[in-house]
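The structure is given below, and queries will be raised subsequently.
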Amino acid sequence: MSVPLLQINNLSIEFNTRRGNLVAVEDISFEVAEGEIFGIVGESGAGKSLTGKAIIGLLEAPGRISGGKILLNNERIDNLPYEQMRRLRGKSIGMVFQDPLTSLNPLYTIGRQLIETIQTHTNHTATQAKNRALELLREVGIPAAEKRIDQFPHQFSGGMRQRVVIALALCVNPKLIIADEPTTALDVSIQAQILTLLKNLCRKHGTAVILITHDMGVIAETANRVAVMYAGKIAEIGPVREVVQNPQHPYAQGLMASIPVIGRKMKYLAQIDGSMPRIAERPSGCAFHPRCPHAIELCNKQIPELLNKGKTKAACLLFRNGNP
Amino acid sequence: MLKRFFDSDLVYSFTRSPVTILAGLVTVLYFLASIFAGFVAPHNPFDMASLDIMDSFIPPVWEVDGDPRFLLGTDDLGRGILSTIIHGSRISLFIGFSSVIFSLVLGVGLGLVSGFLGGKLDAFIMRVAEIQLSFPAILIALLINGVLRGILPVGQQSNLAYYVLILSIGVSGWVQYARTVRGSTMVERNKEYVQSARVIGIHPLLIMWRHILPNVMGPILVIATIHLAVAVISEATLSFLGVGVPPTEPSLGTLIRIGNDFLFSGEWWITIFPGLALAILVLAVNLLGDWLRDVLNPKLR
Amino acid sequence: AKTFRWAFQGDAQSLDPHSLNETFTLGLLGNVYEGLVRRDADLKIIPALAAEWQVVEPTRWRFKLRQGVTFHNGNKFNADDVLFSYGRAKMEGSDLTKCMATVKEVLKVDEYTVDFVTTTANPILTAEWSSCYIMDKEWSESNGAGSPTSVTEGKENHATRHANGTGPFVVVSRETDVKTVLKPNKHWWDTAQHNLTEVIFTPIGSDATRVAALLSGEIDMMYPVPVQDIQRVNSNEGTSAMLGPELRTIFLGMDQARDELLYSNVKGKNPFKDVRVREAFMLGINIEAIKKKVMRNLSAPAALMISPSLFTHSGQFSRPAYNPDRAKELLADAGYPEGFEVGMDCPNNRYVNDEKICQAVVAMLAKVGVKVNLLAQPKAQYFAKVLRPKWDTSFYLLGWTPGSFDSWNVLYNILGGPSEDGRGKFNLTGYSNARVDELTDKILVTTDAAKRDEMIREAYQITVDEHAYLPLHQQGLAWSKKDSVSLKQRADNQFMIYHVNLN
Amino acid sequence: MAAFIIRRLFQSLIVMFFVAFVAFTMFRYVGDPVNQMVGIDTSLVQREALRERLGLNDPFIMQFGRFVLKALSGDFGISYQHKRPVTEMLLERFPATLELSLVSAIFSLLVGIPMGVYTGLHRYGWLSRFFMMFSLIGISLPTFLIGILLIFLFAVQLQWLPSFGRGTVIEIGGWRTGFLTISGLKALIMPAITLGLFQLTLIMRLVRAEMLEVLLTDYIKFARARGLSNKAIHFGHALKNTMVPVITITGLQIGSILAFAIITETVFQWPGMGLMFLQSIQNVDIPIMAAYLMMIAFFFVLINLVVDLLYYVVDPRLRVDAVKAHG
Amino acid sequence: MSSETPLLKVDAVQRFFDVSKPWLNRVLANEPKLLLKAVDDISFSIRKGETFSLVGESGCGKSTVARLIVGLYPTSSGSIEFEGTDFSTLSKRNQMAPLRRRMTMIFQDPYTSLNPRWRVRDIIAEPIRAFGLTNTGGISGSRLQIFNRVAELLEQVGLSAADGDKYPHEFSGGQCQRISIARALASEPDFIVCDEPTSALDVSVQAQILNLMKNLQRELELTYLFISHDLAVVYHVSDNIGVMYLGRLCEIADKETLFTNPRHPYTRMLFNAIPDINMSGKERIPVSGEVPNPIEPPSGCTFHPRCPIANERCKRERPELQIVDSHSQVACHAIEEKRNMEVHFI
């Protein structure tokens, strides 16, 4: 097998606060292959966004990578000097944020923002850059691109803006795009449009995507592989179909069962009691054990590792010996 | 409750910043000295009968002609500088504090009503605020001061000087409070807890008072702290320009003005000590305000 | 070129010689305009535009005008200008009606002779005339300045910012409150004693700034020097202060007219009507302490309401010594063992350290039990409040210089019982003594100096015994200059630039 | 756009009208104007006649109407003290104040903005801390004290700079400028610094606060994610966004510079409008006070208009009513 | 549908917002006044004990309907009757109070729907005090009663009585939403309007809240108006469903009918937009176009620009809700004309 595009090895992210070192993301590892859509799901605060930010090198103080490696094309990028990392951003790794309303500078035309990005990473002339910008706008499905290129962000609707944001992220054909909840702020009917667009574009350009979301449905439909995060760790990771239809980790099982599904009739939804612990209050051992219906004594002592279970890997002590 | 307070971020960041602790201490010291001026000050500079003009212009103790009775020397009337500074700070703080309270009550009230009710009243209040904003506070204070002095019976003026000052400085400062409160009220008004109070039919005034007010007070505290410094300076400036408190009961500004006449003649202590006292007080309050602003601004944390 | 730069704490309010009776304005104008007479450095009246004069009959004075004098614009000076100027001084809007005080009419005898007819015999007719300046009739009328400024017309009087006199200096340019530039009048009839080619006058209001300007060498001369800075000016290399006695007497007035004091806690009666209270106030004020600490020795404690230099017998009067205990006794005798409360009015930018004097007085009176509530205000508000018609004061500080340098002026204006005809116009205490008024009338018409002085002495004696007023001191003059400048200091605080020499 | 300008003009009119009302009320009720005009010699009868002639006995509305009409034609009457038309006097003083204000405004902007940007970008650097401390001191020291200290140091002790006045001025078409002579320029230094220092610290702090806020926005994060250089992000994206409120506040500040000139002009004996205003307050010269007030209001309205238009130019979203209140 | 009087009857209700530019701008630009028809002629009724859901995209007017019902907004026209009483006929505060008490509202954002400066106990007790629900006994007695009542409510929603002492920020989103529910229950209502009560929550917590709400409904015989844009949630909780588009109801049906046989093209499109969690693998056709600007809604049927089967009539004529069968009402010309639409939705 060839070298994966992105390798995350034992990544940990910490916050140095006055209440001590808070470990927000702990010892996670995964790989993303070229052209693959890799999903990360999990509840709010599980550490999804931090992982994304860490990859593109935009963690903000007091957050920092406290351990592990990130390799892009087999080269470490987590310890690059600022300037080198900057050149990588946009060029090799693009990013799409959640809120298209605030991602664009309101004072500049979208054309300017596109051209600026293109020229930062290539040595296109102004006209070349502009042509490329127009091309991109057409590609993301913005009608009358010639006219719209000179307009300001506030003249675009939410869906259109997210298209522009995607265009900006795809400007110079990066190998990897990190999309952090790209559709949460959008209307239900627009969400599907944007997801489809993202999916098709990446397929066309062979771009890999890390799709961060908390919507299992989106993952199910878009991603190839998925990691389910819980309290800063990966609970289960594997091909989408497996994780969705045959989850192994008790948390993943509970999660899947608690999603209402049209056509599935039931009086009550399955529920996991309690809620995900806050970062400062994470229990010892397996972070899930206080809510886990299958918890055993050992769970509050030992931190489980990711183990192969069926076609996925799950981090649960129940699988120590290969059986739940 | 107390424990929670000491555990809060506020206290934490306070204890972590030596400059802020110092500023806090200095401020508290000023306030205490002002409140207990009668006990703290070695002399009562307002008691005319106790003054002896022959004691005037005594330099600070460490100078050759110093007099141990007067630690920081005396001024042109034979008042001990230390005592006048303590009593002067009291007056400066009193006027500053009262004007801040005045502005605050006026501004917060108008801002709440303006932001909560909106409509024509809001437009009107904001227009007035804008007009007032057209004029720098010191000019407004000068004008109000002038007008009040013109209207009040002359004999009452020195008695009313405090109130005139409080009014003029107070009136010139409400706009900031009103605009800030209006802004946050308009945000809070649409928050769901306000809606849910409205759903059960709580009276709008009660909603403003019990629900919104506590939630918009954060920035107000910051403004008030910084405004206190501004008010103290405004008072000093007015007094320096000769329209402040009468020199018989001098504030720090009046003291500086009085002392200013003696700066070139070698009696530097008459102006330098009150000047220092004023600068230190204002600096300390400003430092506190700055710190508060940073701590209370969730965006910058 | 010898450019002389000097500063004063304010500016002349107008260049119109009839618009304001104010020492500095008239003093500055005295360098540009001239009157029929002028005063020399010792304040003696000497001829100016009138070459000589005589009293033809007791009520008729004849003035021979100086010939060959021209105004700055080249116009000839003659009798018409005199008639015009004195007429102008009498018009509405003029503040110098004093020039015409006892004058009934002015008659032109010939081109260079003028007669003044007075209502009564007035031996001191010319005494106040040194500041009654002569304007050019033709120039004034053709420039629409035929009458003194009238605010109601809403127009500026040409003479406000332009001057056309006969004096030793010509106004080159003027920016009100900023700068006035003068140059010597080459055609002056008198021989110039100065060596200047240009004079730049700048008003500098702030005491500290004014001192700084002198110390830093930006100006050659300035006045007044704040008393506390005298030492500094002297110790500074190349600058020194010129001190001298001034003629103005600073005094306190106590309301003896009203039946109940204003701003007092004593109701239904007026403590000041009791001579013991007035004496107690006199004894309760430590004038020497004021001299030493407030005036830095730049004052002469006064026993009389006139400067000793203006009255020959002043040596016979002496000021009672400071005696707070006696003062308390007197107050107790008068029925105020606990003292009482009274409001005091004080200017704060009129006289040297005026407000500080008042504060010192307040502190001293507090020691004998009288609580004084001080109201110190800028002169404009102060005068508006205390002077008639408002006359809203019961205890105040005022200063007075007899413009004629003669006691009659004091006796008539300050000590005379207030009446419709103008007597006691500045007597805000309401003090009135028939004998004093009678003497005053006689003094005006008496020409025998010895008899006159004796009558003055008697009048003063009465007022001193009755403690009609509480004289404080004559404030000192304090000018300062670079050592390279020589000039003459006049006791009336008028600065005559034609005495300046630059080395 | 047109509506915006018209509304602004209309508001300006209201402001001016309101100020005129205040000015007039002062005119009428602070001190008795007649007392100010006549000498002590004038009798009560004469005073009453004058009162009648001046229309002081007319109903309030009539007097106010007259005042406004006259003010419209630039006539604010004759100074009680100087007996000259007030408008003329103010206009004479105007160049001095304007030159001083302009220089200090430029000084405070040229120094304040870079300092603010620097402290915003390097929040924890020692130079930033120094700047912040400096700005706090700048805010804490009253203007008059700064002026006095400067004079003491540079004029009296070192004798480098003149302690007062404008130096030599040259008149060009009725405008007296101090810009063209060495002494004029030297005289400008200390007053301009004194006057500008406070504004400088305000602007610096404002720019810093805005900068910090802008740096936290999503579009800056997104710009970083696009790999733009720091220069492009800080000066292209962040700074321009801070300019929007900074322009507004600066406008307000220029207004207050004009008024703060009162203090500076007093200390340095600068022959501007502020000095005249203060003198007029001391002399209760109401016509000057009223005219000064109107003049300041006028300038403020003018500046605000310009600022609003600038705002309009800078911000395509036209958030005219989103002017934030700043400290 | 049954003939008994419904608990709530909304009849031809409209709510317009004036979103015109300021007067001067309008005059200069010669523009008319702009009315945003947030709710335009909506009628439905809710029977006691049932859950009625409103679904639709953002901005279609769901929350406005909710607010109209609880009286946060006055209606522009139309009537809202609660147990046969028309709200608009009541004007005085004290007349409203008894009715107000019986209906209450739960909001979307668990964090902002609780006053951060108040203790949980006071938040829950506010309606009790406002309606004077424990007005028996003396002052101290009532205080104790309130205390007990709050404890009871807290336990009812799965929290502990001791939580009353804490402040909202000490709770997680799900717990906050429980507090909101406790507060809503405090006034002992019959009818609760729930405006997207779970859309800010994570799925596992959403399940808890939905279960809790169902429980309470059964125990206390509550009636819900449930607002959501998540069709799966709606499917799970509702009895009857109304689909809204641009301020109008385009389809009302009972759950089974709607989900097995959606009729209105918009409803069908919405279904198509749901991510397919069952991974049936079929490629979906996302809804084309964007939600039009509600200020200038399209003519005729407001959905026609996005509708694959629209014709001239749809552009011209506005369809009214029509009863299709006993289970559903639809506002669509195509349904009426029985146009063939299957080809467009595979």
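Letters are used for the chains, namely A, B, C, D and E, taken in the order the chains are written, and counting of residues starts over at 1 for each.
Rule of thumb we're sticking to: contacts are C-beta pairs under 8 Å (C-beta built on N, C-alpha and C of every residue); 3 or more make two chains touch, one makes a residue touch a chain.
None of these values were measured; they are calculated from a predicted model.
Counting hops only between chains that touch, chain B reaches chain D in a minimum of 1.
Looking at B-C and D-E side by side, the one with more C-beta contacts is B-C.
Centroids built from CA atoms put chain B at 52 Å from chain A. The distance from the centre of chain C to the centre of chain E, each centre being the mean of the chain's C-alpha atoms, comes to 89 Å.
Our note on geometry: chain A versus chain E, Cα centroid distance of 32 Å, whole angstroms. The set of chain E residues that touch two or more partner chains is empty.
Among the residues of chain D, those in touch with two or more other chains are 31, 148, 152, 156, 266, 282, 284.
The residues of chain C that reach two or more other chains are 208, 212, 215, 378, 381, listed in rising order. Across the complex, chain B is touched by residues 67, 70-72, 93, 96-97, 100-101, 104-105, 107-109, 112-117, 123, 126-127, 130-131, 180, 183, 187 of chain E. Remark: chain C residues 207-208, 211-212, 215, 226, 228-232, 262-263, 286, 289-290, 292-294, 343, 348, 355-356, 359-360, 362-367, 369, 371-378, 381, 385, 392 touch chain B in the complex.
For chain A in complex with chain E, the touching residues are 43-44, 157, 159-160, 187-193, 195-196, 214-218, 220-222, 240-241, 244-245, 254-255, 258-263, 266-273, 275-276, 278.
Within the complex formed with chain A, the residues of chain D that make contact are 217-219, 221-230, 232, 236-237, 240-241, 244, 314-317. On chain D, the positions that touch chain C within their shared complex are 31-32, 35-37, 39-41, 44, 46-47, 50, 53-54, 75, 77-78, 80-85, 88-89, 92, 148, 151-152, 155-156, 159, 162-166, 266-269, 271, 275-276, 279, 282-284.
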